[in-house]
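Next come two complexes, and both contain subunit A; in the first it sits with subunit B, in the second with subunit C.
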Partner chain A sequence: MPLDRKIAHINLTTGDIDVKSIPLNVRKQFIGGRGLDAYLLYNYARKGVDPLGPENPLIISAGLLTATCASATARTHVMAKSPLTGLLGSTNMGGFFAPELAWAGFHHLVITGKADKPVYLFIHNGNIEIRDASGLWGKTTTDTQWAVREELGDDEVKSLVIGPAGENLVRFANVMTGIKNSGGRTGMGCVMGAKNLKAVAARGTLDIKIAHPMDALEYNKRFIDQITSAKVNQTQGTLGTPFIWGATNCWGGLRTRNFQYNQLEYADDIEPERLDEIATETIGPHHMTGCFACQVHCRAQYKIPSGPYAGKYDEGPEYTSLGAFGAEPGCTSAETVLTGNHLVNQFGMDNLETGSMIAWAMELYEEGILTEKHTDGLDLRFGNDAVLLEMVERICYRKGWLGDTLADGGIPAAEKIGKNSFDYLIQVKGMNNLHSDERATPALALNIATASRGSDHLRSRPAIDLYHLPEGVLRKIYGTPIPYDGPLSSEHTSYEGKAWMVFWQENCYMAVDCLGICKYHTTFLGATLPNFEDWPKVIYYNTGLEFTPEELWTVAERCNMIERMYNIREGLSRNDLKKGDTLNHRYFDEPCKRGAPDVIGMCIDREQFEKMLDEFYDYKGLDKNGKPKAATLKRLGLDREPSRLL
Partner chain B sequence: MPLENTKQSAAEALRQTRTFGKVRCHNPSCMGRIQPEPGARLVKCPTCGMEYRLYWVSPTLPRIRGPVWDVNREIAEKTFAEKQAVTKPTAGKMKGK
Partner chain C sequence: METSGKVLTIDHEKCTGCRLCELVCAVKHDGVSNPMRSRIRVMKWEAEGLYIPMSCQQCEDAPCLKACPVKAISRNASFERVEIDYDLCIGCRTCVSVCPFGAMSFNPVEKKVFKCDLCDGDPQCVRFCEVKAVDYVDAADVSLKKKKAAAHRISVAGKEAASLHAAL
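So, the complex of A and B:
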C-alpha cells in the first residue's frame, strides 16, 4: 500500500508518543504537508492558546511526494500558532530533512507539551526517542547539527534545529536545517525554544513504496526537462535568488531604507554578479548547490572575503539577505551582506524580519522617536554597517533595551516605543513585509495584504505579472484548470483581473506546499513551469492517488480556507491594521521616490485596492468582512470542522 | 493507466513562445524586447532610451545586470515631471465593475 504513512503525536511534558496512520479520506481532502498541517492546527490548537505555552501544537511535516521519485520535493513545513503574529504560524524550508523524516517512518509530527529540560527528538526507522539536549543548549545552528551527528555516531542524520535566538525566545527565531535552509517566517524557532526542544533529528532507511515506479521515473524525465529548460531556472542555477533582487532593484520595486525609497542606487558591490564573483573566488567555479532531488541548484556557497568574520563558510545569500543587510538598512557592502547572512544563519533568526526590524528602528532613530538613550549610544543611522551587525547580535541575545524590545517583534515593540512608531512599521498581520515595494504593483500589494501568515510573497504572489506577458499567455495560465473569462491585464500597474491572479496563485502555492514541491518548480517565477495540469500525473505514478486538476484546485481552496478559518478564530478582521487584510498607510499616501518611469510617483489607490479586495473575497467565497459564507464551507466540506479525524 | 499522458499541459505548450538572446526593457511603460550583440556589456533600449548593464548567463541567455544609473534616473525624473504636470500619480485605474 503506497500510502501507509504515519503521523506521530508527541507530548514533551509526559513523554507520551502516539503513532497513527493517516486515513485515505483525510489525504484526499488535505493531501499532506502544509494543507494537512493546517487541518491539524485547526483541530488541535485551542482558540486563544498561548503561542509560547505547552498547549500550542508544533506540527512538522513532509509533503505527499517527499522521498518519492518526484523532483524537488524536499520541502519541510512547520506550523503552530505564531508568537510573532498571534495568528497562523507557518514556515517552509528546503534541504534534506523532509525526505529523511519520511524514510524514518513519519510524514507528520504533532508536538505538544514542554520538556522540563532541553531535549531533542531522534526519529529512526519508526522509533521516536526524546533525548537530553542540555549539552546542545547555547550552540549555534551549525554546531548543534554537528554535535547531534557526533552523539548519534551517524553523519547521515539530518536535523531541524534552533540556535540561540530560539532559545532566547526571539519572536522571529527560525528553524534551520543544513547551513542555511531556514524556516524563517512567523517564529517557529521561538515555539521550539518555548518547548525546550533544541532539535528534531531524523535518520531513516525505510522504504517509500512507489505505486508505478517505472512510469514515475519516466514521467520525471519530462518534469525535469520542463524545470531545467526554463530560463528563470537557468539563471537561478547561476546566480541564485539574488538575481531577482537585482532585477527588482533595476526597475524600482525594492523596499529601501524602511520603505522611504524603492531602489538602492549604485549598489554594484552587492549585485548578484558581484556575489557570484566572490563565491567563485572563495569556493571555486562550481559553488552552486541544491536541495534534495532538485536540478536547479540555486544556492551559492561562499566564504566571507574580509572583515572580522573573514574566511567563515556559509551559503546564500538569498534575496532576503540582500534586502535585510543591503537595501533596508541602506548598506552597499558585500562584506556586510555576507556577514549579516552568516550571523542570522548561525543564530537561527529570520533574516527578513531581522533586517526589517533594524531598518524600522533606523528610521525611528533618524526621526527622533528613538534616541541614543534607547540605543545605548549606538549611532543607528541608515548606512552604518557596523551598527547593523551589532544590532543583529543584540536582538539574538536580547542585549540592551533596544535589542530586547526588537526581539519581541514589530507590534509589541511599537507599543513599547510608543509615539507614532507604529506608523513606520511596514507589516501585515504583525509580520514585516518582504523587501520588495508593491506601490507600483497592485496585484503584489493584494497578495501581501491577504497572505495567510502575514505579509508574504510565497502565499499568493503573481510574480509573472511583472513580465508583461501577452493576454493570451495569461489566459492559458490563469484559465486552467478553472475556466476564467474575466478581465486580465498584462500591465503590472493595473488593477484589472489581479484579484483572480492572486486567487489562482494562492491555490497554486498551496498545492505545491501540500505536495512538498519547491515553488521554483511551479508558476512562481516562470510561466512554463508545472502546475495543476502536470501534478496529477506525478501524484498518480508515485502514490497511486487519483486527482483531476480540478480536484487538486478544490483541495487547495479547502486548505486555504481552513487557514483562513484558523485566523478568523484568532481575531482576523478585514480592516484591522494589526490583524487584517490591509496595508500600512504609506502604500496609499507616499508615492515612490525612485525607479523607472511609471514607477516613480506611484502609490496604491485605496479605493481601487478595496474593490480588488472585494473581488478577491468573492472568488474565495467570503463575505464583505472576509468571513467564509456558509455555502462556501459546505461546498468545501468544512462545515463540520473541527472533525478531529487524526 | 487512467491518465492521458501525451498531451502537453498549458505550461509545457508555452515553452514554444520563449525567445532567446533577448532581454525585456525594465521600463514598465516600454517593456520592449531588446536584442543585444552577443557578449555585449551595455545595451540601450531603442524604444525608450533606457540604458542597461548586461550579464550573460549563457551565450544565448543575457540578463539585465542593472541600470546605467545616471541615464535612467534622468529619464525617469523627466517623465515623472511631465506626468505630474497633468495628473495625480497613482497606480492604474480599474475599468468597469
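So, the complex of A and C:
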C-alpha cells in the first residue's frame, strides 16, 4: 500500500490552488514536517525575498507520523523567511490542528501571494476554499477560532490563526491554535498578517491508512509505557514545564533582569508548586490537559486568580512565560505571569521574544539609554509589573514610540534606539535568547549560538548534560546510531565532547520535527526516552516506509544542512554578531553572580568556545567559516539543489 | 455474590481531552486513523477546558434495540453489550435517531451504523487511557469509587468545619 499524501500550492493573489502528491523519493530524502518544509523553503523562496512581500512562501505542515497510530505526533510546523531575523523562519506547535489537516487530506501547504482583503482558508476533505475574513480581522486568537466555527457551523473545525499582533505586523507575532498552542518563534504570524491571511481552518473525516494497524497499536502501547514511565514526564504531567523553571532557578541558570543576574530571588509566588495550587483552586484537582493522543498531559489549565483579568480562563503558563513575565523583567508575582501569559496568547505574540524585548528595554531605561521621553512617561524599571503588562499591549498594538519600536524586533529596535543599546541585546541571528543563562554550561552556549533559527533551546540543546550522567550512559546515548569514541564529559562546565553532543541533539531534534513527534518524547529532558533506534519501527508499522537508524540519522543531517544552506544564502557568516554563530560579548565578559558553587563566577571562555565551534563545524562537514564543504553536499545528496521536485 | 459482568465507566473530570481513545478505537476496529470511525468521541468545550468522552452505555432497556424495525439489534449477555447484526441491518438509522446519548454513529463511507462493542471484553480506549477517565469495572462496583471519593470530601469538609469551630 503506497503512501499517498498531498501537498497544496495556494496563491492568495491569484486564487490558484495546485494539489500534488508528495513523491516517495522526496519523502525518503526529507521525510516530512520540518525537513520537507526546509526543502520547500530552499526551493521556493527566492534569495533575498522580502519576508513581508507576497513572494515569501509560508509553508505549513504536519509530520510524517501525525494522525497515525503513534502517540504525541500532533506537531504542526510552519516555515517562511523570517521577518524577525531575515534568515530561516521556523516554528513548531502542538495541539489538534496538524492531525485535522491530515484528516482533511493535506500534509503540506505552500502559501504564496497576498490577498487583497483579509481571508482565511477552509480545508475540508480534499477541498481548499479561500473565504472572506473581514469579520474576523481584529479578533483575538481564541475569538477568531470560535467565530470560524460559528460561521462554518461546525464545532470540530481546528484552526491555525493569528491575533492582532500578526495583523499589526509585530515581527515576532506567532501562529496559534486552541487556547495556548503556539508556533511562537521567528514571527510566522507576521508573515500571515502580511499576506492578509487570518486563519487556516481544517476539518477532515478522511482515513489516514495505517500500514500494519495491529502492530502499530501494540507498538504504540509500548511507546506510551516507555514515555509515561519516565520520571521527568510524570513530573511534567503534574506540574507542567514550570518544574523545569523551578529546578533551573535553583542552580542559577535563568537569565534574570535581562542579563544582569542568573537567578530570580523571592520567587515563591511563581514556583511550580504555587502555580499548581492556583490551578487546583481555580479549576480543580484534575487540571492538566495535553495535545492530540498524548499521555504526558504537560499543560495546566487555570483561571487568573486576581487583578484586572481575574476569572479569565487560560492554559500554561509554560517555562517560557515564567521567564518572559518573571525572571527577565524581574517580576515575582503569579498574577503578573498568569496575566502576561493570557495577554500574549490572546494577542498572538511570542511570549519569549516579548518578555525578552521588554527586559532589554528595562535595562536600557535603568542605564539611561532610554528615557521617559522614549517610554511616553512609563517608569520602565525592572520589577514594575504594571508597566510590564502595559508594554505587552503597547507592542501588540504598536502604541507609543517604544511600543512601535520594540514591535520591529531586537536588531531594528537597537538601530533606532542607537548608542550602545545593541550591546545589551541578548540575541543570536536576530532572535533573542530565551530566559536561560548558558554561561556555566558551554554545551548549551554552543547550542544557542548555532541553532538554525537564532537563539533557541529546541534545536540542539543537550539538556541532559545538566544531569551529570555517568560517562557510560552518555556513551550509550550519544554513541548510537553513529559510533562515537571521542571525548565525553559528565561535567556541565566542561568543553570536552560538547560539540558532539550538540551535533547529536541537532540531528535528534530534526528527526522528531520531521516525524511530528513532541520533544518530550525523545532525548531532551529524559535520558530513557525513544530515539533513533526506536523510530524506524514506528515509521514502518504506521506508513510502511523502511528506514534504518543510520538512514534516519543521515536524513536529519541532510535536513539540517539544507537549513544551513538557506541561512548561508541569506547572509549567515561565522562571526557576524547579527547573522552568525556567535554570542553577545556578555557571555564572555560578565561572570555569573549567583547560583550553585560551580556556577558563580562562570562565563564562557572565548578561546575554548571557538575551539568547540570548530569541532562542531567539523562534525557537520562545514569549513572553518561555517560553509558546507563540497564533499559534504555530495555525501548528503544536496549538491544539485534547488531541485524543485514538488 | 456473583458479579454481573463489566461495564465501561467514564469520569469526565479526569479526561485531559487528548482523544487517544478515538484514535485507538478506529485503528482497532477499522485499521485506519480517523476519529469519524471511533465508537468513543470526546466532546469538548475548549474555551472552558471541559472535555467529556461519550460512548454507548449498553443500556439494559436500550431504545435502539426497541426501535429497530428489523430487529437487527440485540443484547449479548456474555459481553454485556448491545450489538448489531449487519446481516439484518437495513441502514435506516432509526437507532441513531432514538439513542439518547448520540452513541450510535453512521459511517458514510461504508453506509453502516456502528457502536461500541467493548472490543469483546478488552476495550482499547480503557487500555490506552493512562488517567483512567475511561475505565472498565465490575458492574457491582460501579459506584464504589464514587462513594469513596464522596466520603473523602465529606471527611475533609468535616475536618475543616471542626478546625473552624476550634478557632472560634
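By our rule, the second predicted complex is superposed on the first by the 644 of 646 C-alpha atoms of A that agree within 3 Å, B and C clash if a C-alpha of one lies under 4 Å from a C-alpha of the other, contacts with A are read in each partner's own complex, and residues count from 1 in each chain.
Definition applied: a contact is a pair of C-beta atoms (placed from the backbone, for glycine too) under 8 Å apart; a residue touches a chain by one contact, two chains touch by 3 or more.
Note that the coordinates shown come from a computational prediction; the quantities given were computed from them, not determined experimentally.
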item: Clash-or-fit label for the pair subunit B, subunit C on subunit A; value: fit
item: Larger contact residue set on subunit A - subunit B or subunit C; value: B
item: Which superposed partner A:C291 touches (first subunit B, second subunit C, both, neither); value: second
item: Which of subunit B and subunit C A:N168 touches, first, second, both or neither; value: neither
item: Touching partner for A:N56 - first (subunit B), second (subunit C), both, neither; value: neither
item: Touched partner set for A:H468, first subunit B, second subunit C, both or neither; value: first
item: Touched partner set for A:E271, first subunit B, second subunit C, both or neither; value: first
item: Which superposed partner A:N432 touches (first subunit B, second subunit C, both, neither); value: neither
item: Which superposed partner A:E496 touches (first subunit B, second subunit C, both, neither); value: first
item: Minimum C-alpha spacing, chains overlaid - subunit B and subunit C, in Å; value: 14
item: Of all residues in subunit A, those that touch subunit C in their complex; value: 67-69, 71, 96, 103, 142, 146, 178-179, 205-210, 213-214, 216-217, 220-221, 224, 228, 283-295, 297, 301, 313, 315
item: For the subunit B and subunit A complex, residues of the former touching the latter; value: 1-3, 5, 9-15, 17-18, 24, 26-29, 31, 48, 50, 52, 55, 57-58, 61, 63-67, 69, 72-73, 75-77, 79-80, 83-84, 89-97
item: Residue ranges of subunit A in contact with subunit B within the complex; value: 212, 215, 219, 226, 229, 231, 234-235, 238-239, 243, 246-247, 249-252, 265-266, 268, 271, 273, 439-442, 467-468, 473, 476-477, 480, 487, 489, 491-496, 523, 527-531, 533-534, 536-537, 540, 546, 591, 594-605, 608, 611-612, 615
item: Partner subunit A, residues of subunit C touching it in the complex; value: 13-20, 23-24, 27-28, 30-37, 46-49, 51, 108-109, 124, 127-128, 130-131
